[in-house]
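Take a look at the following structure, please.
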């Protein structure tokens, strides 16, 4: 396997095959290189030992809630966080931990996305 | 102990007595209520079990690197992360994990603060 | 009344009973503590004399327009600003005053939310 | 022609008559002064020689992708970029050039808006 | 008086003659048009009745604290707020009102600038 | 030459050998992988034809001014923009073009960095 294939496989493990396929599909006619770049990013990440996948998804959710305007990325990575074994309670607590640093609007927006993902995930 | 005293104690454990004292000193003449509010925030956080202190500092560093213009807060919480037991390698890896989501400028700014804190910390 | 009850009452006065109830409902299964925290925030605010409610809503609208990705919060607080006695003209002028500091995109987004709230409010 | 008329004409040339008319219509009852201000901004810009219109739209797209929460402005200015002669490939490359500086979420959001504009534009 | 002269005069009244002169001096060799544009912005603002100067400086401080990386602008407008008659207590309370919406880092950064301005202002 | 060597060479051409060496030096003990990643980013960029180096630096400056808290990156890339052949007038005009989209604080901060770089550059 080359770095793209390895990265694609990791991406499928984290965000799920369906979401991973959607990334590829949505980019294939307009910017396929961006699909490749995300694969490289996932491969690089998985080659590095200092943090495990649960910690990496925790960090990813935190950076998404903090920067705002990331509802679609939060949707993908809240599911990703569940996929790598974080509990619903831990995911919500990540957002609560952000509250003193980013304020209510960003936290409430993220919790609202989480609610929607948890509901679909339990169906 | 009331919530302020408990929060102050937690704050001292995480960011260190000296940094905690600096917060109180710098706010006492202009906005002492903000010092109280940070104590309440630390107390609330420590009352909640879903995440441990290492995870909370990991999240705190991530939100600080993502929002930018937080060099002085990063200084305090990089030391805080060391105090609760995160290694230098883990701290740098938190910033590296943020790279695909926030880009180089914010990550390089944070690494530069970490370098300075690690140097002082080893003296 | 304890601080939560007082805060809830203030919240109802400012954003209206219906919007306040929606906050509680939307958080009750996923993060009820965040509902409590907003109540504490409203109670704290109302205990402090240096600014009145009209000034506080003016500041709230300004911080929301500036940070972006806050359409749902703007919706609630534009109505809140009307509820505490700011006129439609004053609310629009708050956004215009932000123009030299934040640029057109954020201001036009906020005006677009205001237009929608004013229309519903007059029905 | 006065500055408003000149600015309006430039705005029509860049974003198209229909989008320009929508700006005027959407602001006329709530904040007509903002419509006037955008006209002045377009007039000022066209009076200055150091950059041409293609370069200016390139910069505009970059600032919109970087600040986030600007889907409706991106929609207008991606069409604007096409109108002043930038190719679809160049527009996508602008977003790709931003990747190392802003990260994937903002870039993927912008590419998604571009995809939608290119499709409508080719109908 | 033309709009530039009127705007310059308003700017001097709000931020003080010395700070206003510094703006002109710092821009005169590199981007004098930006000095002119700020004059037009101050003139426009003063022509509009819906908000008074105290309210406008309140909004200006709020937008500056919210966007971050504005220490030098905060310095000028905290003095400006004092010049138009806001008290030190009101200025600090503006920042405290922002806390639930932007979090501690931005608020503490702003309070730290205020402390410095208040000290110089009392000498 | 491998991708790292090619990227390093491009980086030296754009930001200059001295600044490129500083990046390597500052990262070598703490996060050498980030130095490698920037080399890959420069190599990727130079492999893509849709935009030339002047356009890429134009976009880079725009994204830096828009995100704020990037004084040290602006310093490097304003020099980079000069190195690839943009004039001082064009660089300042990039910042002026951003004004209607980001407001005065970010633009004035960037112009202030440009002034400093232009002065050193002419010595």
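Lettered A, B, C, D, E and F in written order, each chain numbered from 1.
Everything below uses one rule, namely that a contact is a pair of C-beta atoms (placed from the backbone, for glycine too) under 8 Å apart; a residue touches a chain by one contact, two chains touch by 3 or more.
No experiment lies behind these values; they were computed from the predicted model shown.
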- Message: When I count C-beta pairs in contact, which pair ends up with more: B-F or C-F?
- Response: B-F
- Message: On a CA-centroid basis, which chain has its centre farthest from chain B's?
- Response: D
- Taking mean CA positions as centres, which chain lies farthest from chain E? A
- Compute the distance, rounded to whole Å, between the mean C-alpha positions of chain B and chain E. 30
- Expressed in whole Å, how far the mean CA point of chain A lies from that of chain F is 29
- Task: Report, in whole Å, the distance between the mean C-alpha point of chain D and the mean C-alpha point of chain F.
- Result: 24
- Message: Using the touch definition from the top, which residues of chain F touch two or more other chains?
- Response: 33, 38, 41, 48, 64, 67-69, 92, 96, 99-102, 104-105
- In the complex, chain B touches chain A at residues 38, 41, 45, 48, 50-51, 55-56, 58-60, 62-67, 87, 89-90, 92-94, 96-98, 100-102
- Message: Please output the residues of chain C touching chain F within their complex, sorted ascending.
- Response: 99-105
- Note on the structure: chain B partner, complex, touching residues on chain F are 26-27, 29-31, 33-34, 37-38, 41, 64, 67-70, 72-73
- Write out the stretch or stretches of chain F touching chain E in their complex. 68-69, 92, 95-96, 99, 104-109, 111-112, 114-115, 118
